[in-house]
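Sharing a structure, written as structure tokens. Questions coming.
Per-chain numbering from 1; labels A, B, C and D assigned in written order.
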């Protein structure tokens, strides 16, 4: 009975086009943000902040980026790892070359650089479609990782090819990277950045650009005939998607692991982000968050649950089980709901709207 | 509809289940986190390593009742050799036990890199035994990282010494090729080998192999059919090792001139290559076989049904390496207890124990580990401890040492460590400790 | 209100006046000249010429495989003819490109509905306004100020079309879930949202029942009447064609058989032969 | 083989010596201007030949992809783990004491069983879903099989030796000094690959099941409506793909040892696939040959210019360049767009 929109009338098109048109949702999201800003840092321990919330936020951003390209524009990409590497290495070069540059500016510039690379590797999409394009993006993946691994310039001639984030302040005296950075700083910084970028993504997808992407995704020929230029739509999707992914890569290297080598952005990373998008829901910003949460949490749960309920299991068994459960869950979700967690969430909401009446 | 409900229920159950925490270890125990990889591409190497750790700590508890009465407690965490998993494991386990994690053995160069800053901030010693950053031997910049007994740079030096000796004392005009895993790990020896090539007058060429290393045909055609070097060194890992041996045999390269680093010299690296591997050599930082007296105790442990390892792994190269690794730790613990009292030690105290670690031949003998390791002595500035390595050879069925422990020429290596560490310190804004 | 929206507004104002406006047949809007198109040796169109005048409803008819859809595809640039020219609003094109055609004011619907199935009715109609949206993506990213104003302005225009086509109830439904007849209507709506000068309709009534056909006829006539839009349509139902079109072009095997008023065409012996299958 | 294929094939065969000669001359020129590149004709041919044989090994894996794509339009991401699973199972049976021929038969049976289960549990509930959904389902299969295989047979590295000779051979010793090095194992692999391709091509073109398979590939529903039993067809095609995976697993397993990394060779098959086209069995072989030869030659002669290890991305770049000119691959069916 609580989740009812009856009686809420929209008096303008503007309010009807809001992201959360229903009041309950508005209250819900405000509460969620409040908990995220105040509750989580107060309640969650260092372990939860460092190894669950931080990677969750970084991955959410990467998943949003890929979702813009694959979920909204319909261009399947397996080059996510490569674009994350771009962000990480661009940010490293920038911040070591210009130490006085604020770290936020560094991340944004790294994103812009990644966007340029993304556009370049997006060019084949004008001629190649579907799985052929997916395989073609692997060329970007392998080439980029090879390049960052091969040329010492990217790592400032470190003998091992590993880059390590230098200490940088986000506010005077408050370090975001380096040994003095606290988990809470990292978390709050990420939370703010990811929230803003997610809002940007949402705005883009509900505006003209997003509609031209979806038109290309649903039927590229028809899109062309109503005046959408595939060149512009596809390349803009590649650019903006790589911008998001690039920032996620930079955050991964700087805020999460602190040091990184090019091999951390191997093809596995691309698949990992793709799975988040698939499980969360193609074409849904909320789904990107849900998918990231699912993939970050599942292995941790599988590692903890058997012990918690008193089941003795070798790590080997747990790890094999993890693979099997993960695979089975993907299949299960596809059969039950091909549109991912986001759709399940929506169905749940619709149910709630009618509750307690069945129809 | 039913299925949808099930899906909700499943997700819900997972979320609820996940919030429950694992029970903490008891108060009088010294907790050791074990970052293992029993699955994934490197499982063949990870399994004997993990088994060795388990058996040694079990032995210490069962035979000696712990270290000075403090029992060891440990928990395995599967990393799949994955950097972010490694970080997660480290964070999950670091607060466990009475005093938190007292040491972390990442067993992956990538995880080591990822943990250096975190562990330094948390005051948990990182023991990267024969892997990780070579320049971390400079304890002034890396107070919490220990590289005993020997680093990759020193390993490269030992290889060159060995080749030099085999060539009758001079490498002038000889050709040496390096086949390396194209990653942070594989690149470690290049600078050292380039320096030595200049000093000793041999021609040096490096051949990268892309991860995971199943593809080496082109590399070995270049080596075996074009360059035809006098020696081939290898920094390989996992499937790359056995593939390299097979491809080397396929181009007819002589195995006794092919020397791998200690991560290219376990059973799992040669067995898949079959007969082709006969005669292949590698370095090792520990002794091989089950001749040391400690194996009597281990056999007894297993006979009593208290062994934790798969018996077929006992005495394998990586099992023995894990024994020595655990021994380093228990000795550091003992050293720390000598100063701070016979109770569980904190990471900071263990760090002191490592810096004052002095494993003499007497201690090795009395621990029943004769032949398994060479003496090491660490200090505030020197975290490598002057260890050494042997050359071993595969005879088709087992590894056998063919040299004594060879010491690297550290006089030349030490300045390189310090220069590299200084660059790191500058980039990170670290002021090196004063160790004098 | 932007100048681009004037015809629609004018038409809507006209709606209130009860007196039907006289047919405003005007200048030649589009002419195709000597078009030939072939696919790997098969001639789809040979030497076709005809013209479409402003404000008229032109029907293109002919048996299956006569080249009707190919003709529309040539006009809006989806197919490139081997020979011939297309002139639109006084500009002559050797090669038309689809998005150029769209920009110049040619909209169309398809024989097999080409809607964006994953999007709602409203969003589908909004895509028709894309060419008219000018704010760059930075404004869109903020969704504030000019971008939001623009979004709302276009939403208003789209809402008028929704009202016109009587599809208010399915505004937020994903079009993939709509029945066939409604999908056709939405597709017409998307074309109208572009405020085209020339509307190409490929079998707008295929597969519809009598009631739906009547609705569709009414919409087509209203569009022509109220918005003044020129319409070229392909249709098989002769009754419909004769009722609503001002002029008819007959194609058969890629050739033009006849061109004239419905009555003229009806009496043309070639046309009768083609339809009754008499051998040539 | 039909006429549409025969023509490009003959063209290719005629063009091949010319391409090889031009490539050789170009590299010779490169070697003349850049000291880090070494060139000799005998060495060039040796590398080329090794590459071609390596290409057959890739093609063995690519074949499995083609089969499933051809018959169901599914890009089967799990093919790599099928290879691993088959090899693991076969080694498992050999370790139980079975002779390898017997183990082969039993493993083939297991693969058929697996195919039936996959059809029943995964594919049947997903009939008529978009291809992307089915593709994702195969990712699920990939993960499941990886875990399942390791649970059954352990993560240890295993040796698979069915007595294929491995010694180096030297051929054409009369022409070049020292001859050209060829590996006996690679020759056997090439032979196996050739037999497999011919067998599959015959199966697809001349049997009733083969025709039904092609009908299913065109349109699931249309095939159903003319009475083709979709379920059976899918089970058959996954069984055949499973057996092809078994053969690939044996060849790769005897080469590199049976272990987790085997699943990764699927990545090497992808450029082969794009080059040859997703739907062409001969395309998989030709694509394999081009990729194999191309990447080896590039690694050996061009790699030194950039510091080496270029072959991974080079294969993909090569495929990408081909794609820009022929978006459907060399032998893929041309996509005609209609409105």
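Here are a few things to note about the model shown:
Just so it is clear, a contact is a pair of C-beta atoms (placed from the backbone, for glycine too) under 8 Å apart; a residue touches a chain by one contact, two chains touch by 3 or more.
Keep in mind that this is a model prediction, so the values were computed, not measured.
Most remote from subunit D, judged by the distance between CA-atom centroids, is C.
Among the pairs B-D and A-B, the greater number of C-beta contacts is found at A-B. For this pair, subunit B with subunit C, the centres built from the Cα atoms lie 73 Å apart. Inter-chain spacing, taken between the CA centroids of subunit A and subunit B, is 35 Å.
Each chain gets one centre point, the mean of its Cα atoms, and the points for subunit A and subunit C are 41 Å apart.
Counting only residues that touch two or more partner chains, subunit C has 78, 110, 114. Looking at subunit A, one finds that residues 146, 150, 221-222, 225, 316, 319-320, 323, 329, 335 touch two or more other chains.
Those residues of subunit D in touch with two or more other chains are numbered 150, 155, 307, 309, 312, 339.
Across the complex, subunit C is touched by residues 12-14, 17, 200, 203-204, 206-209, 211-212, 214-215, 217-219, 221-229, 236, 240, 283 of subunit A. Residue ranges on subunit D touching subunit A, taken from their complex, read 75, 121-122, 125-126, 129-133, 135-137, 139-148, 150-151, 155, 267, 270-271, 273-274, 278, 306-307, 309-310, 312-313, 316-317, 319-320, 323-324, 327-329, 337, 339. For subunit B in complex with subunit D, the touching residues are 38-41, 43-44, 47, 182, 206-210, 212, 214-215, 217-219, 221-222, 224-226, 238-239, 242-243, 246, 249-252, 268, 271-274, 276.
Residues 76, 78, 98-99, 101-103, 107-108, 110, 114-119, 123, 126-131, 133, 135, 137, 140-143, 147-148, 151-152, 155-156, 159, 190-191, 194 of subunit C are the ones that touch subunit A when the two sit in their complex. Against subunit B, the residues of subunit D that register as touching in their complex are 38, 43, 46-47, 50-51, 54, 150, 155-159, 161, 166, 168, 181, 183, 185, 255-261, 264-265, 268, 295-296, 299-300, 303, 307-309, 311-312.
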